[in-house]
Structures are given as structure tokens and as C-alpha cells.
Amino acid sequence: MHDLLADLAAANQILADQGVVDAFGHVSVRHPQHPDRFLLARNMAPSQVRPQDILQFAFDGTPLDAGDRRVYLERFIHGAIYRARPDVMSVVHSHSPAVVPFSIARGARLRPVCHMSGFLGAGAPLFEIRDAAGAGSDLLVRDDRLGTALADSLGGANFVLMRGHGSTTVAPSLKLAVYRAVYAEVNARMQMQAQQLGDPEFLTAQEAVSAMESTEGQVERPWALWKAAAQSRRSA
Amino acid sequence: MHDLLADLAAANQILADQGVVDAFGHVSVRHPQHPDRFLLARNMAPSQVRPQDILQFAFDGTPLDAGDRRVYLERFIHGAIYRARPDVMSVVHSHSPAVVPFSIARGARLRPVCHMSGFLGAGAPLFEIRDAAGAGSDLLVRDDRLGTALADSLGGANFVLMRGHGSTTVAPSLKLAVYRAVYAEVNARMQMQAQQLGDPEFLTAQEAVSAMESTEGQVERPWALWKAAAQSRRSA
Amino acid sequence: MHDLLADLAAANQILADQGVVDAFGHVSVRHPQHPDRFLLARNMAPSQVRPQDILQFAFDGTPLDAGDRRVYLERFIHGAIYRARPDVMSVVHSHSPAVVPFSIARGARLRPVCHMSGFLGAGAPLFEIRDAAGAGSDLLVRDDRLGTALADSLGGANFVLMRGHGSTTVAPSLKLAVYRAVYAEVNARMQMQAQQLGDPEFLTAQEAVSAMESTEGQVERPWALWKAAAQSRRSA
Amino acid sequence: MHDLLADLAAANQILADQGVVDAFGHVSVRHPQHPDRFLLARNMAPSQVRPQDILQFAFDGTPLDAGDRRVYLERFIHGAIYRARPDVMSVVHSHSPAVVPFSIARGARLRPVCHMSGFLGAGAPLFEIRDAAGAGSDLLVRDDRLGTALADSLGGANFVLMRGHGSTTVAPSLKLAVYRAVYAEVNARMQMQAQQLGDPEFLTAQEAVSAMESTEGQVERPWALWKAAAQSRRSA
């Protein structure tokens, strides 16, 4: 448990250092002993999260040990997905800059253009919050009902775009969730540029599956590099 | 007052560190005891402003305690807006790089594409200085008459584009003016990219209002993060 | 030999510091005493390679002194090229961000647009791995047969695009391979932007040859600068 | 003279720190006592130039005090311009990344889009080296004849694009030459983006002149900021 909290704090710092999150965005992990709970930092900037800032939550978003500490408004994203997807062990929500335009442009589709982002082969559906919250919401997933609607949009995919807002990435481990959040951003940048050069050749469905299996087996390598980079820049 | 001067110095450093201002650009705040005055640094690069560099000005741009210190040529931007808009407590003027193209391209409109920039829902009008200064000016707001023309263009909005020059952002607090100047730049980058991918889905008027209320209530979080980042890079 | 290992470690760090490789990508050099072997780091992030991490390989990818150290899956890229091209002394494989879109967009051609990238005048053919591995591969060059197919695509050129994956650069020396990998990325960025502004004027075949000879004779200057920069940032 | 050499070394470091030059590019100044000579560093990366690295040259490119130190191949750019333009006191030659695409795309014209780059109002002609050197050159200005052809293309302007190569900027002082080289790059980025958003509104001829006079009178402010930034990053 001690190691998992340290890893979750490191995941926060990595996502900030890699430009996936800024003052906003969050990453959670399913509780290893209590699969009906998840671990998520208190309301704070990701780059500053330490192990002692991490709280436990029920799937409906109820904080279990927060005391008087403030919690994230959008914790419902995480709970609703853990409830709907027993295979998901970790969730990242972010506003990473190259992904957001794909949530805004009508008809745009984020698809895997390289071997590092095979996880997008399972789809990158769009969550249009107007369908659940009407045309006057603040776009935030601020209750369990909206979290459930988001989980419905996600379906069996690994990634869901949130219109005018950002995206949410899921994975079978914390390190893979971080990896996928970083490479979704890389894929978005490359796809945008490729589309300006010509008609993109996307990965086939089977290429996406094969590439995902191969590259994700290497996840320890980027994790170690990113962790060292984040810590080095923090202490610089 | 001591705290406000420290915050205004920090705002200068944050805007420089976040890439909103370079050697040029400035941020002011309405005087807390004298609502007919405003506080603005002497003529210098924003990243180097300290509390003792901050001066008082009347709305017509007259420096009240500058002594022999040089003042910004474009201080009239600030005074004219404080006069026209009693609700405005802080003003940022910048040439931030993704916003300027929206001031140049004929017919381009900067509009809110994500929940962080709901403040753009009140409009982002264009100030064409030729209408007030003719076709041969230096584009600078160098007197109270031009400041007043700019304030007229701003009207009741939170943001005004200045053709071939930059933009000016206003807010009911210093921290929100900094927040809006940063996220106007973020919105501009995202909107530009979204428009290359397809027809953007903008926020509805009500979504913009709702999102503004929600996200701007969180302003302490980015402020604290940006302030720490600016100070860390200064001492690196 | 000691100097060559130090230079190969430096090459790894330079490529990471210049943004050509991230956690993935690798650079090799032909063995100076045994021209049928090559030197390549063990499986690790390039930025962290030290001289003692460098191993020897046969052209078929067999590690000769790895012991229990893990090796790169795609070492076959290097071996197959050294076998096919006796003139090649060094090989860089990367996923550098502006080059990958040229491997994705159908019909896009990377061509020399400036004097620094004359080496592209000999062509930048596309390796479509589907032709050799079918439509369901993981896109990786994971055996000697695929390495040989890649070397066939490369032919007599200095650079080969790998569809949905990245590129491989070859050169008559380690320093030139690093130089070409960096400037292929620079050329890709400039070409992409030029194509948005109008129809590009590419270098003529003879300009490319002449420019390559002139600029590559200056390779010590960027090498020294990049090496100092990489070391300075590592120790910061 | 001591101060001028220090300023010229600082100019080299600023241009590198601001991303205008990399391992290549150079900046010179006319000799203050001998107006028929100019001062330019020996052959080295700009970021590493110190006062003792600066040499004297005649207008035909002959080094006057180099001893056994190597000199830049393209020193003829500088000499030919000083000969043709008595008003020019400083020259910057660079390959800055957003400017080069304007030298490549047929029919593209770099024009002033904002008040910081009024100096472009006097034109940004294109030097097509094929007109002087034929279609097989290495694109380098490697003798006095080509330097003279470049100076002819420049004419009375402040800036000349060099096809497939870069640009050269001139000014009545060293600090202004640095300023113009930095803001030519800024203008190029903004113009490129504006053209993707719509038809740009360029500065009128008179606006360009007026804006140039106003903003260039402030040159000490960016110079001091850039110098401090370059020195801070060197010692970090």
C-alpha cells in the first residue's frame, strides 16, 4: 500500500511534468484491498501531490477519510467508471492540449496513427454532456448521474473524449493509464499534422491490438524515465 | 496593501513565466482605498517587477508618485477601462502569441471552445485602432482618447482583441485577470487547431456562463501553482 | 574503443536532449575492429545510457556479450542495414515527432527544403511493413527478415520512413548519423509549414549533394554544442 | 571598444537563447573606429562566443587578426552589406525556424502583422541564390560575389529572405539587429497562424514606419531582459 501511494503521487507528478495536466486534471487507482473503493488526491494541483494527500472514495463519490480536506468536484468520473468496468484499475482525467481540439471539431475522430497508441484502436468515443445535462451545464461531471453517462459513452473503450473539456483514459494498471494519457496526446499531435499533409493511413484493428500488446509490455521503461525527469525538475 | 503589492508583483512574474507577456505587456489593479486610481509597475519588463516598482496613476494616466521613474506609454489602456467599468478590478494587456493571429485574420472570431474559457462567452470584440487614430498610427494606445476608444470597443465584455497588436483582459479580481489572460491564450491555441480539424462546437451562451462560474471559483489552485513555478524558475 | 563508447553514450544523450528520441529509439555504430558486428546499448532509455551499457551484436541480431542484460527488440534494424550497406558506419532509429506524420499521410514525401538537410536528396523512401508482415503486425522490426525488408526499402538512401512508426537514418560516421537525425526533424517541421504557405521550392538534386558536402563538413560544431547542452541539462 | 565586444558576445548568446540561431548563424557589428571593417566571431557556435573570440574583417571577407583561428565560411554576407549600406551598423544571419518556410514556399511574402515588426514594412525580398550561383550550388554565400548579390537583393530593406536557407537582418545598431532578428521570427509565426484563420490585415506602410519608430525606441527593455535570461540559463 505504501508503494502504491508513492506510485500514485509519482503518477501525478509525471502527468504534470509531461504536460498532460496543469493545475487541473487527476489520476486515480482502484483500492488494492477494497475493489469497491478508489484512491485519489484531495483537491490540489497534481504536481504537488504527496502520498499523504491521497484519500479513499466510494464509487458514488463519497469521501471515506477526507476529514476537513476538500475533494475534487469531478471525482464522479472515476467512481462511475470503476463501477461499470471491473477490468479498469486506473483512470486519468485531463485537458491535454492536443486532445481537446478533437473533442471540439465536429466529426473529428481520434484514431491510432502509430504503434505507441494501439490502445486507441478500441475507439475514442465522444461524450457530449448536453445529451445528459442539457445545453446550459458547466460541462463538469459533477454528480454520479453524469459520471454514469460518461461511463456509458466510454463503453468498452480505453479512452473517451469529453466535448469542450478534455478526455478520460482507463487502463488495467496505474503505469499503463499514465502511459496511455501521454501517448494519446502524442497521437493527437501527430494525427493533426498528418491530416494537414494528406489522408492518414490509420492502424488496422489487428495492428492496433498487436502494437498495444508489444509496446505496453515495455511500460516500465518510460515510467522510470518520466519519474526521474519529474523528480529532477522538481528539485532543480 | 502590502499583500496586494506582493500579489501584483507575483502577477507580473506569473504572466511572464506562463508566456503571456515577454519584455512587453502589463497588469494593473484598482487601488483598494482609492477606487479612482490604479496600481501599475514603472516602465520595465514584467518578469523583473518587485513591489517597490509599483506606482499609482489617475484614470487619465497621470502618474501620482513616479518621481523620476519612467512610466509605460500605454497606461491609458488601464485608466480608461477602470473609468468606464466600475466592476473591473484588474486589467492585463498582452501580446500573447496565439491570441494575436485572431486580431489579424479578417473575420476570425475568438470564442469559448472549452470550459476553462467561459469568460469569452461575453464576447471578444475587435478594437480596430484605425477607426480612432487613422491609417498611419503606431498602433499604440498612447493617450486617454485612444484608451477611451478601446474601452468603448470592450463594452461589457471581459476581453478585447487589438488589431495587429494583442489583447486586453479584465476581471473582478487580480487573480482572475491573470487566469483569464492565461486561458485566453490556451483557448486560442485550441480553437485554431480545432478549426483545422473541422467545424468547432462552441460553448452555448449558458454553458459559457455556467462554466465561468464553476471554474473561476477554483482560481486559487492555478494561482498557487503558477506562483510557485515562477518563483522556482527565477531562483533556478 | 574507449572514446567510441563514450561518443556512443553521448550520442544517446544528445538525441534525447534534442527531442529526437524519448523513452524509445536507439543509435548504433559499426564495431571499429570487427566490421561484422555493431555496438548498441542494452534495453534502456537513451538518455540514461553510459559506456558500460553498450553491447556487441552480430548482424542477425544475436547479442555477443549481453549476459543476462535485456536487449532491444528492434536491434534487427541495425544489423540488417550494416549487412546491406558496407558504407554505413552508424544507424539511428527514432520516432521523432515531426517526421512521423510524413510516414502516416498517404502520398506525403519528405524532401530537402534547406541546405542543412541535403542528405535527404538521396530520397526518403517509405517502408510499409504490411508488405512484409501483413496487415496485423505490431509494426515492429522484430526479426532479421523484417530488418532485411527495411534495408531493402532504404536501398541506397540515407533515410527511410517507417509507416505509423518513425524513421531510420544512416551515415558514414556516428556524429553524422546524429546530425542527420536532428536535421531530418528540423526539415520535416519546416516542410510542413512551408506547404501550408504555398508550393515548396525543394533543393535540386545537385544543390542537395553540394549542400550536404558543405554542411556535413561542419559536423563537429553542432556535436560539441549538443553534447555540452545535454551534459549541462543532465547535471542541472 | 571593450563594451562593444562584450555586447557582441552577449548578442550571440541572446540569439542562441531566444532560438534564433543554433549551432549555426552569426551576428556582426561595424568597427566603431574603422568604418571599413567589421567585427565577427571566429568559427564557433554562437552560444559560446566570448569577447576574446571576436575578430576583425575587411569588407571582402579577409580576416585581419585571425592568426590560426578558423573563420566563418559565410562572412561575405556581412562585408558586402556593410559596403553597400553605409547606414547599416549591425547584421544578423540566421536560420530561425518560422522564417525559413517563408523562404521556401513559392509566392509567400513575409509582411508586418503587428506593431513589433514595423521594420518589415520596408520589404522582405527573396534572395534566390540560383540567379547568381546556378542550380547546383551549396546555397552558401561563400564569396564576395555572392555576398554582393545578396546585398543587391536586400536593397534598401531591413530584411532579406534567403531561399532554402534562412535570412539576414540589418539595423542601425547591434541591439536593434538582435531585436529585429527575434521579432522577424515572432512575426513569421503569427503571420503563418493568421493566414490559417483568414485573410490577414497587414500594417499599412505608414503604420509600419510609425510602429517601428515607437517600439524600437524601447529596445533597451527587451535587450536587458534577454541578456539576463541568457546569462541565467548559462549558469543554471
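Letters are used for the chains, namely A, B, C and D, taken in the order the chains are written, and counting of residues starts over at 1 for each.
Keep in mind that, in the parts below, a contact is a pair of C-beta atoms (placed from the backbone, for glycine too) under 8 Å apart; a residue touches a chain by one contact, two chains touch by 3 or more.
Just so you know, these numbers come straight off a predicted model, no measurement behind them.
J.: Farthest from subunit C by Cα centre, which chain is it? Let me know.
T.: B
J.: Distance between subunit C and subunit D based on Cα centroids, please, to the nearest Å.
T.: Whole-Å distance between the two chain centres: 32.
J.: With centres defined as the mean C-alpha position, give me the subunit A-subunit D separation in Å.
T.: Centres of subunit A and subunit D (C-alpha means) sit 45 Å apart.
J.: Would you please write down the residue numbers of subunit C that are in contact with two or more other chains?
T.: Within subunit C, residues 195-196, 236 contact more than one other chain.
J.: Which two-chain combinations qualify as touching?
T.: Contacting pairs: A-B, A-C, B-D, C-D.
J.: Would you tell me which residues of subunit C are touching subunit A in their complex?
T.: Against subunit A, subunit C makes touches at 22-24, 43-45, 47-48, 73, 95, 97-98, 100-102, 104-108, 135-140, 142, 163-166, 192, 195-196, 236.
J.: For subunit A, which residues are in contact with subunit C within the complex?
T.: 113-116, 118, 186, 189-191, 193-201, 203-204, 206-207, 209-211, 213-215, 218, 221-222, 224-226, 228, 232, 236
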